[in-house]
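You will see two complexes here that share chain A, one where it goes with chain B and one where it goes with chain C.
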Partner chain A sequence: MAHTRSNGIEPRKVVLAPLDPVHDVGLKLIRRKLVERGHHVTLLPPDLSIEEIVARAKAADPDFVMISRALSYGISELLAKFVDLADAAGLREKAKLVAGGLSMKPVIAQELGFDAGFGPDTPVEAAVAYVEGRELDLLGGSRRQEKPDLTAGFTYKFLDSEIGSLCTAIAQQLIDWANKRTSPGIQRAQLRVEMESQRQACPEAYSRLRQEYAALSSGEVKEWYLTGKHVSHTRPITQKEADYIRSLAKNAGNLVVPRSQEVLNDRNVFVQYGTGCPVMDAYHINLSIAWGARGVVHFDPSWGARNEGLLEEAWSHEHDGTVLTLDNLRLIKQGIVPGILWQVRAHRGLNTPETVVLAHLSGADLTKINIVYGSLAAGTDPERLTVDGVEAMKLAAKYNMPYDVVTNEELAGVPAAKAFAGMLIVATAGVLLGGRPILQPLFANSPEGMITGYTEHNFIDFNVAKMKVLSSIIDAPIWPGAPVGFLTQTQDRCQSSVMTALHAALALNSGATAVTIASSDEAYAGGPITAPARVDTLKATAAAFRFFGEGGIRPTQEADKIAEQLRQGIVEVLKQVAARGDFVASLYEGDLGNKEDGAYPGRSGKGTVTLKQ
Partner chain B sequence: MSVKHRILDGCDVETFILCNDVEEGKTLGLRLMAELGFDDADVVSCEMGGPGVRIRLRGYVYRPSADYQWYGPEVEQDGTHA
Partner chain C sequence: MRVIGFAGTAKNTGKTTTLVEAIKYFAENQKKLFITGIGYDGEDFDNLTGLPKPRVLVPEGAIVATALPLLESSDANFTNLKDTGIRCALGRIFYGTATASGRVVLAGPASTRDLSTVLGFAPEDSVVLLDGAFSRISPMVVADALILATGAARSRDSHRIAREINAIHRIMDLPVDQTSGDRVLNISGGLFLPGQGQELAWRIKSDGKPRTVHVSGIVNPQVFLEALQEMSVNGHRGVSMVFDHPIMLVLSGDLLRWEEVFSTIAEAGLTVGVRESTTLLGVTVNPYTPTESGPGKYIATYVPPEAFLSDIRTLTKIPCTDIMLEGPGKLHSWLESLLN
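This part shows the complex of A and B:
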């Protein structure tokens, strides 16, 4: 009689037999797992006849006989013969017969008379669970329920005193300058806070504030506030669509997650969404989380950055980017399960402070702010974005909301040294204002990388150099993006997924706290990103992490040389900006990226900054 | 209702088409998508190698903001309404 062990498992006798001329590694894995759990296992040698297998199995008096077959030819005849002989020998009076292996299909095994069949994708744990009489949910992966703090443990102390002194002096100057000024963007952010507090409590006050808000808006947004005319290519969300999101939210607690993606649980991999439609977004978010994303980033339409003012209510947009409204964000929030970080970007346009307010009111965890990128590569007037950016950083500090400081101006051609100098200045201002900025270097085959030859022989050295130089300057979190791999991906699904996955692995192997990845549609411009394209890169990224593990990626000696060149470049730029003594003037005059580089001071919002009364 | 309407957004068809050059491959690919009933189709990627193209085609069933019918009338095994 079998006795239950202290671990609660009743030991069973199992015979494992390969029906092939060579040993099946799967049977050896099953043997190891069964033995570890206290079962008695007999692994028969390969190349036995069926008669020999049945005879030896009968002698072992087993509870289970597990047959494996890798080769497909003649499989049905062999397995049918095995079942017949096992029946004739009385083996089945006690033992259950199981068939598995590369060529096995569970349905066929059962049709042939086996008690169970395991296909090639079945994990070893499933065979063990079957022996122990347990159900194994093959999809039963798990996701972390607690949110990671991307800034935990970082002191924000400068490790490079020369750069620290320069950044601090410049950042203090820009804060002092901005503190004396205001803008329609700041006024609308303040109005939005008041409007939301009055919306239910006092409709009359809300209506009056809304009129003030409309007066500070522009373009189609202003027209909507005044006349109700829809902004181009938008329409209201329908009740049926809201119901779709509610049904997703209702089932969010039972999200089915593939075990194969569990390797991503310990990595902070972000994906961007922004199909234009909150319903489609909710589905894309839901499936991205299922496949292992730890964070999602809201991508809004480019026109939203150029208009003064943000819409209200819930809208669907026919083109890229999902309209930023509190109602849209609250709808989307319903589809985000516990443990997932949510970033709402506020980095580039005329609604930067208000976007931070909306991010806070809708429950976002992170935002995105960078004065330099928005001024030089995203079309917003430098003076305006400096005033609004400082306000946005104050709000983020007040709401205790970390934000990344992105450097996508590198894509326009701005050298990394200039982009990093700008990022460090803004991040320093953020720290002086009490915030928790996160550095966001671009991992890409940037124009500079191509022109200088930094990326001629590999995509490792330049990116590792960026990590090395930033981590030697300041003790701050680094979150490469956004997304990684720009200009390395092609329209080919396999190539694109591999490039994304390798950049993600490089980032996290180089000490990054988080990484944002693209879909495999990154280089396809013919239509919206599809759900399978999102799964592609999450699968590839999980595979890359599984491959590298803690093994690391080794750069060449060039990485150190590039890092030193980057540091020298950063120092030169900072000295130039410090000598100018006027951060905003430096933006206009090209110290942080000029026309020759590919950077142009933006014009949206020009002339709208005023001195505070 | 067609099972196609349970597709969240787009349906990709990835295959190898025997042809003389990329343009012929793309033309044949789009004809294939039309034959499969995808009215809103595009070539996502197409690369010539050896006797033909490795091609990925996409038929959008629902673009964002479309009138989604994911959970319309029940779909039977043969694709007809319940």
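This part shows the complex of A and C:
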């Protein structure tokens, strides 16, 4: 038993009184905690009359009397009568009266005349804190204020020397190749930096640079720069909308995570947003933070990857994906409260380097760069994305901004071994360029998983194998996503939430640094993201973490076998790429995913790469 | 300073409506008001039934003591906010002066001790309006006068309501007896637990011949009856039983048992009094009652208002009114009598 003198807590006399026999579990929990902390506790038997409770409590001369009873209309009168009796008997001269139980909340406790009221979600610690006179926000717990560094403690050293040698050689080749080349995307990124420095300082210079920028743009984006015509399905954000976003952002600082969700505090759970409407985004960010998300990921429209150039000013977009502009990002940034990580992605299109610039200028913590996925499964020409990707990684290193390297080409059917080989090459290049990449394996029921039977009996072995093989190859952070659970979720929100939650628990139980989860209605259909769906998955994920705790999830022996198969596959792919001696050619020729795998080299930006002068 | 309490025999018996009309009356008569409550009142919807509730509107110049967040969120724009040093379940209780008429939610001190502290901040020339909660009445001992709200939410049976009103009226009307001296036997701890009646009778017997027995604390009519039966057997005619306050007699047990107590007292040749008292000005009767329409769901229902009031009025002697049916005239006359 812990004691007062050693823990510095003044011992209190507490009487606990259940008003019926089935509602004393909470009181017994409280008793255990109070006794452990050296308080003197009397637990009265159940089913005493309120007169007897008052008399026995009075005899005990307590500092606190805690009553437990599920509330109903009729019972509320009984509790009010108890308060009256306690008052008239002089019990309140010294003792504080506390009510707890189903439906109890502070306003009802106040109306009934109690000094405090604890509802069913109140943790035992809150009751203990109240007894000890400590401030504890009963509405919610604390949210960590410091931002975690997802890359802290990782050395980026290869643990698998064979794979390390192959990756390093290939990565050096692709860097050397890219260093000799440039693209409109790189030039616009450089222009954007200059434009932002001149925007206020020298409007004339800004205007001249803007014309140069327009000349390097294409399609509707170029037309907007030249004529002001809105890009299809976009409209400017109104002042009222901007004000609303600011008001939401102001509120964000007051958000507290409910105690039931506090388990997420120690886990880096990310959610994605990108409704197209910055107002909705701000709302979803607010909601996600309030329900325990530690990070949010900005998604832009798919046309943003195909058009040369990014817009300026603040825009609303009619379809999925929120338009990437500095003004939009700065508006949204206002709702990113301390302790919350913000990732602005730049991984698949013709504006990859400039997106890293905007992420930096708007204060993002993380970005997302991938050459292989963007080239083979997202429509961008491999040559172009390799040049732009290397520049983006250089910028991220310069801005000291970590980035993840995704493997979503698995969704198209590319085997994990090929996708991992591509990810490891790009991550190695990132390290060679001075950056801090984060590996992002897909946790999904991917086509490969279904075809090979890896996911036939469970969804654990294949995903655990991915974690095992990656962590045996290199000492780098792993952030499964994005989001986890692809192709395991359905349009059923309950089922989707459960699948998301289990995948998230599996990821963090397997040693992942972070995890990105979907909303229960976005993962399958890619449809509208509703507020309840946001809460669904965050609550389900917290419940899963609570369920497994430190208990762990045990894979079968298949996981080791799959991990070994993955390693062998990775080595074979890397040897093939190394033998070719031309990373970009490997992308075109299918070494990292071919047409049979469902991977097609993209065409956006084809022929735009030039040798540097 | 005059303190007027608005207590009820149950939740939803019309305390707030009565309070709101009293506020209007005193505002029209330019009285300085200090308003607080012992529960939580003035919210849009009831926290238990979800049904709409009357709003509490205070006039410009009124001083209100309530939890600080509620003062700050009121559209009465309270100024000169000061801390009473008392906490309630919703935070620290502050008081401030309304700079405009507006709506406020009342969440004041819960205990008699804390209430006394808060009332210490009321100006000497003010009228203090003290809003009740549920059937809670204990803190109303600090009130000079009391208006009792009852109605269908307590019981749909008008005869039962009338009997309860009569019992409360009889209790509140007990004479004040502040006798002291050698012949007074003081008994502490009240009279509300089984066995205390016999113990009281034994104490009186062993004390010899006390003329006055002062029982401090809560008194339950059933336990008092036990005492009376024991005393009758032992023959203690002429003893005067004195209790702290009438309110101590209505907190425990079935109010209707007091009818039996009073007839037994007369037969036993005893007299009963109280040390302190509060004037019962009148009773408001409310035909409204929430009715459960499903698990946790309520709808507003009413008993026939005219018949309900008429029955109760016929069977009671204390002035009664239904404010919604008859208007606030009768309430005003009670308040006026107090001021005069």
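What we mean here is this: the second predicted complex is superposed on the first by the 478 of 613 C-alpha atoms of A that agree within 3 Å, B and C clash if a C-alpha of one lies under 4 Å from a C-alpha of the other, contacts with A are read in each partner's own complex, and residues count from 1 in each chain.
Going forward, contacts are C-beta pairs under 8 Å (C-beta built on N, C-alpha and C of every residue); 3 or more make two chains touch, one makes a residue touch a chain.
Not measured: the values here are computed from a predicted model.
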Partner, of chain C and chain B, that touches more residues belonging to chain A: C
Chain B versus chain C as contact partner of A:80, first or second or both or neither: second
Which superposed partner A:105 touches (first chain B, second chain C, both, neither): second
Partner chain(s) touched by A:88 [first = chain B, second = chain C, both, neither]: second
Partner chain in contact with A:490 - chain B first, chain C second, else both or neither: first
Partner chain(s) touched by A:51 [first = chain B, second = chain C, both, neither]: second
First, second, both or neither for A:251, with chain B first and chain C second: neither
Contact footprint of chain B on chain A as seen in their complex: 235, 241, 244, 275-277, 279-280, 283, 316-318, 490-493, 521, 524, 526-528, 530-532
Touching residues on chain B, where the partner in the complex is chain A: 8-10, 12, 14, 42-45, 47, 56, 58, 60, 62-65, 68, 70-71
Chain A contact footprint on chain C (complex, rising order): 10-11, 38-41, 43, 47-49, 67, 87-90, 107, 110-113, 133-139, 190, 192-193, 217-218, 220, 247-248, 251-252, 290, 292, 298
Of all residues in chain A, those that touch chain C in their complex: 51-52, 55, 71, 73, 76-77, 80-81, 83-85, 87-90, 92-93, 97, 105-117
